[in-house]
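The chains carry the letters A, B, C and D, assigned in the order they are written, with residues numbered from 1 in each.
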Amino acid sequence: MAKRVGIITSGGDAPGMNAALRAVTRRGIALGYEMIGINRGFKGLLDGAFINLTIRSVSGIINTGGTILHTGRCAQTKTAAGMNRAVKAVKELSLEGLIIIGGDGSLAAGNTLSKKGIKIINIPASIDNDIYGTDETIGYDTALNTAVEAIDKIRDTATSHDRIFVVEIMGREHGFLTADVALAAGCEFIAVPEIKVDINRIASELKKGKEKGKTSEIIAFAEGCGSSYEFGEKIEKLTKLEVRVSNLGYIQRGGRPTARTRILASQFGHFAMNLFHRGKKNVLVGITNGELSVTSIEDAVKHKKKFNDSTVKVLKNLSV
Amino acid sequence: MAKRVGIITSGGDAPGMNAALRAVTRRGIALGYEMIGINRGFKGLLDGAFINLTIRSVSGIINTGGTILHTGRCAQTKTAAGMNRAVKAVKELSLEGLIIIGGDGSLAAGNTLSKKGIKIINIPASIDNDIYGTDETIGYDTALNTAVEAIDKIRDTATSHDRIFVVEIMGREHGFLTADVALAAGCEFIAVPEIKVDINRIASELKKGKEKGKTSEIIAFAEGCGSSYEFGEKIEKLTKLEVRVSNLGYIQRGGRPTARTRILASQFGHFAMNLFHRGKKNVLVGITNGELSVTSIEDAVKHKKKFNDSTVKVLKNLSV
Amino acid sequence: MAKRVGIITSGGDAPGMNAALRAVTRRGIALGYEMIGINRGFKGLLDGAFINLTIRSVSGIINTGGTILHTGRCAQTKTAAGMNRAVKAVKELSLEGLIIIGGDGSLAAGNTLSKKGIKIINIPASIDNDIYGTDETIGYDTALNTAVEAIDKIRDTATSHDRIFVVEIMGREHGFLTADVALAAGCEFIAVPEIKVDINRIASELKKGKEKGKTSEIIAFAEGCGSSYEFGEKIEKLTKLEVRVSNLGYIQRGGRPTARTRILASQFGHFAMNLFHRGKKNVLVGITNGELSVTSIEDAVKHKKKFNDSTVKVLKNLSV
Amino acid sequence: MAKRVGIITSGGDAPGMNAALRAVTRRGIALGYEMIGINRGFKGLLDGAFINLTIRSVSGIINTGGTILHTGRCAQTKTAAGMNRAVKAVKELSLEGLIIIGGDGSLAAGNTLSKKGIKIINIPASIDNDIYGTDETIGYDTALNTAVEAIDKIRDTATSHDRIFVVEIMGREHGFLTADVALAAGCEFIAVPEIKVDINRIASELKKGKEKGKTSEIIAFAEGCGSSYEFGEKIEKLTKLEVRVSNLGYIQRGGRPTARTRILASQFGHFAMNLFHRGKKNVLVGITNGELSVTSIEDAVKHKKKFNDSTVKVLKNLSV
């Protein structure tokens, strides 16, 4: 009888999760495994909710957003009792191991389970790109393009009305997405959690820009910097200029994955099953300096990905 | 010497204003006029800010959002003194008449100016589609598609997380956009200012839907129905289900015009100059039952466009 | 026992067929029918290939291209023997009637079947917009936008290289799509089967345009006007200018339906089942002058939709 | 008086050239240079056609396709006489050096000029991604997404009609683009110039796929593999299955640059001017293993970029 491997998508959804599911499933079956898809994240694992994945059940999903397995944040993954039940569930399903597709919460859960003896491979999927051990996560390039296209639209209005806009971008703890969005959208200013925001300097430069004849100015504002609406009001008070605020919100999570996201997801999924088959365990797959890479889950959990402020510098030099 | 005609874009920007500008300008020049573009709406008229428009100065703009003339809401258009100054400005610029591209504010200004003896043709441009005298305004089809594509993305997350979403759509006084968006995006519920919202019924149906196994439910919520965030909180309390709120915001105003918006804008602009040339004045151009139409500005100002609730009925019948 | 109604998608696929399927199915079930989806067009009917459609089996398809039932052109629909077998198949499946979603071939098949006593409602779906009895077909607005966006991209290259482009657009017998595409994309010239193409005039104007300093010129060329490649070569010979040819090809058929296509498809499907339920038969649903309309299939088959050359006139006036 | 630096876009246009122009111009001005934009590639250099670039003249172009300077392939760059005239032109314009944005032709021209004593920095821009010395060229990610989105649309029709499609993708000598497109679009087969195409194997697998019940099969076919139409006909003969051919053509060159293309272009342009300012010359900027890199033009011209067949392997393993 074929050995069984479980696949789970967990935490916030990210575009490309389905492309990764397809790759893991098809590679797994080719390598002789029976592939079991767990429904609704770790909650489904605890509930015993799963389906058998076949070559055909992952057809036509490479270009779809979300995850066909559904996902969820599961409070029980943070308790010892919950994790013990998860271990039991893995054994009841006779799973040889678990491929977990998700962000930092999934990594933490993978770490706990691996210490309890379950063979784990983590695949990084998150629109925040905040996982140590990979230069890029599945979904990041898609969210980046979604946000940039949204700001392109806002730019039309900003220019037509000679207005200042504050645009809020996802990222509770990190400014990776905001910095890349700002550079690609040609934003004039940026606020990220990693760098102290000097609102007085921004206000003073906005006033100078107006005097120089700039017709629109857009401030890319990361979610983690506080309330974008309060920030906009303060800017308005400081500059006496008209300011509008737009929170891009949930559109950043969904949508068809970009080509790059699909390629990354396909390669990660294929690589993950190859590693599993070769007996590798308790690692996170990733891409580092342009090459597929492997990091121990323990290391990935322990370290925080470094924010590269060179993007912010280039932005400052070009947004003049 | 050629007679001069002024063109002005006024009020909130809408995609397709540039396509209309191009059509008015090129048709005007072909008919022998000198075409004067007023900058920044009526404020620019009062300030004497204008440019000469040539065949080439409107090249390459048929597919761009915003307005190359810039626009603005101008408080002075609402005072007698302001309007008198506008009349004076029209005369100082030796303008034979004024083509005004904009929404209901522009129509009101056009009405006032026409009564003061200025020859006016109004071209309806507004993402709200709320102008009496035309079945469709320039920009409407574009905003409709932008909002629908945004909800398609949100649907991915809603389905993956089995969640309820409240999505706020532009429309302070009208639900035209919200109703069409909801039908096209397959939203399960709708809240528009024209119809009393029964939150208890919605909550009760949401609970029933959950029991039937619906994986996601989206409520299309028009700006004019109050705070979408408060609405979402109430739904959460009533249903004990997880609810998320996303305000589509300013992305609905900008972006490349759709084919339909460009065609409408080109036809309106071409038609407006033909009418002007034939001595027609003080009218709004439009499209009514599939044909180009003409309504007196006075009539257009007086009447309120009727909300067609058949869309809401079809939506209710299909969102099961 | 519930009465059974068959649904079939037939001929070339068009975006929005799925949205129509969803509407027909859900409205049909609400009215008490059992809805039977025939696979692969009339071929599937002859083969007895079908599925039961439920409320849930049409979930999540409102925004997808193609048709979940699959489609095909079936040679047997053109023979008496084939059509007699189709009648037999309808009876074997105990179908009360047939809702046919498709283009002119589907209409002809519907006509034949209706004369053999089958209750038929035709829903017009075709990217060509060439069906008499409706101002717009399902899929048309989507194909229009796809082609226009493609030409926007080609314009970038045409302008950067100061080149002439011939762009071939679908439409074997009609220029509806080409004319609207040309107007929306700001094309400089147009070739459609309905109007004699004067290649010498085009060549001469291209040369004049070059002298006036036009940086790019695009000729929208309908499939039905012959070989776009030969046309391009002739233009090159006549003008001694560099010409490139691009055939947009099959991308025009697929893709996510636009908002307008989805709304039209939803309304047509809903309306078709309401008509069927009220005993109406052997009609084509449509939209005429902005209102839902009904035409007898016989009339629709007999007449040819008139090409409106006003679009071509506006184009000529604006592309200067 | 400020030192002058020339900027030139040359060869086939690529999305992101404008973003690079913006970065070079703004960084150059900040570093104290007068920036001269040469029109229409090397032809413009020989003709003395140029404009002064200011901070504002590159506003609003970060998100546009094509190149505002226009471009062209210039036969004279391949003759000694032509190159000598180019050197003379550089001196007449008092240019300190030349920043050349383009593909392999631009690189060759840069190499020749550098040997004649002109200070050159090359910035790689090409949708083919075929430049040695950089893992990615400006425009590549955009063309990749354009082609993948096009195939997504074709997939709708392929699936609805259970058909085989051959899709031709740009790349006269290389299969980089085709391989990445195929992986991202989930194509079933691939034909690239770097790998011998076994048409009999493809035909035999297509027949097997049909028997297994695959509903659609797409063959990604690089331009450099010959005529896609002849290939499609052969497949049809060998398989007796219906085959359609679609050549994506010029849409692959144009369009709004993706976020990644804009970021790459901004970083390359910024980096190029920094290098120039530090006295570096006769180099190609690039990105290698995730880091900005520098390669001597001479080396870049001499070497051929290696085709990575791991993409093809992953594709084969996943397209089952």
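As a convention for this text, contacts are C-beta pairs under 8 Å (C-beta built on N, C-alpha and C of every residue); 3 or more make two chains touch, one makes a residue touch a chain.
In this text, all values refer to a predicted model and were calculated from it rather than measured experimentally.
Trainee: Over the chains that touch one another, what is the least number of steps taking chain A to chain C?
Mentor: 2
Trainee: Relative to chain D, which chain has the most distant C-alpha mean position?
Mentor: B
Trainee: Quick one: compare the interface residues of chain B with those of chain C and tell me same or different, with half as the dividing line.
Mentor: Copies use mostly the same positions to touch.
Trainee: Pick from A-B, B-C or C-D: which pair repeats the contacts of A-D, with over half of them the same residue pairs?
Mentor: Among A-B, B-C or C-D, the interface that shares over half of its contact pairs with A-D is B-C.
Trainee: Report, in whole Å, the distance between the mean C-alpha point of chain C and the mean C-alpha point of chain D.
Mentor: 35
Trainee: I'd like to verify one number: the distance from the centre of chain B to the centre of chain C, where each centre is the average of its C-alpha atoms, in whole angstrom.
Mentor: 28
Trainee: List the centre-to-centre spacing of chain B and chain D in whole Å, with centres computed as mean CA coordinates.
Mentor: So the centroids are 39 Å from each other.
Trainee: Quick check on chain C: which residues sit in contact with 2+ other chains?
Mentor: 152, 155, 159
Trainee: Chains as vertices, touching pairs as edges: which of line, ring, star, complete or other describes this one?
Mentor: Graph shape, chains as nodes and touching pairs as edges: a ring.
Trainee: For each chain, which other chains does it touch, given as pairs?
Mentor: All chain pairs meeting the touch criterion are A-B, A-D, B-C, C-D.
Trainee: Quick check on the complex: what are the chain B residues that touch chain A?
Mentor: The touching residues are 9, 13, 15, 17, 40, 64-67, 70-72, 146, 150, 152-157, 159-162, 165, 215, 244, 246-251, 253-255.
Trainee: Quick check on the complex: what are the chain B residues that touch chain C?
Mentor: Chain B residues touching chain C: 22-23, 26-27, 30, 55-56, 60, 62-63, 135, 141, 144-145, 148, 152, 155, 159, 180-181, 183-186, 213, 256, 258-260, 262-263, 266-267, 270, 288-291, 311, 314, 317-318, 320.
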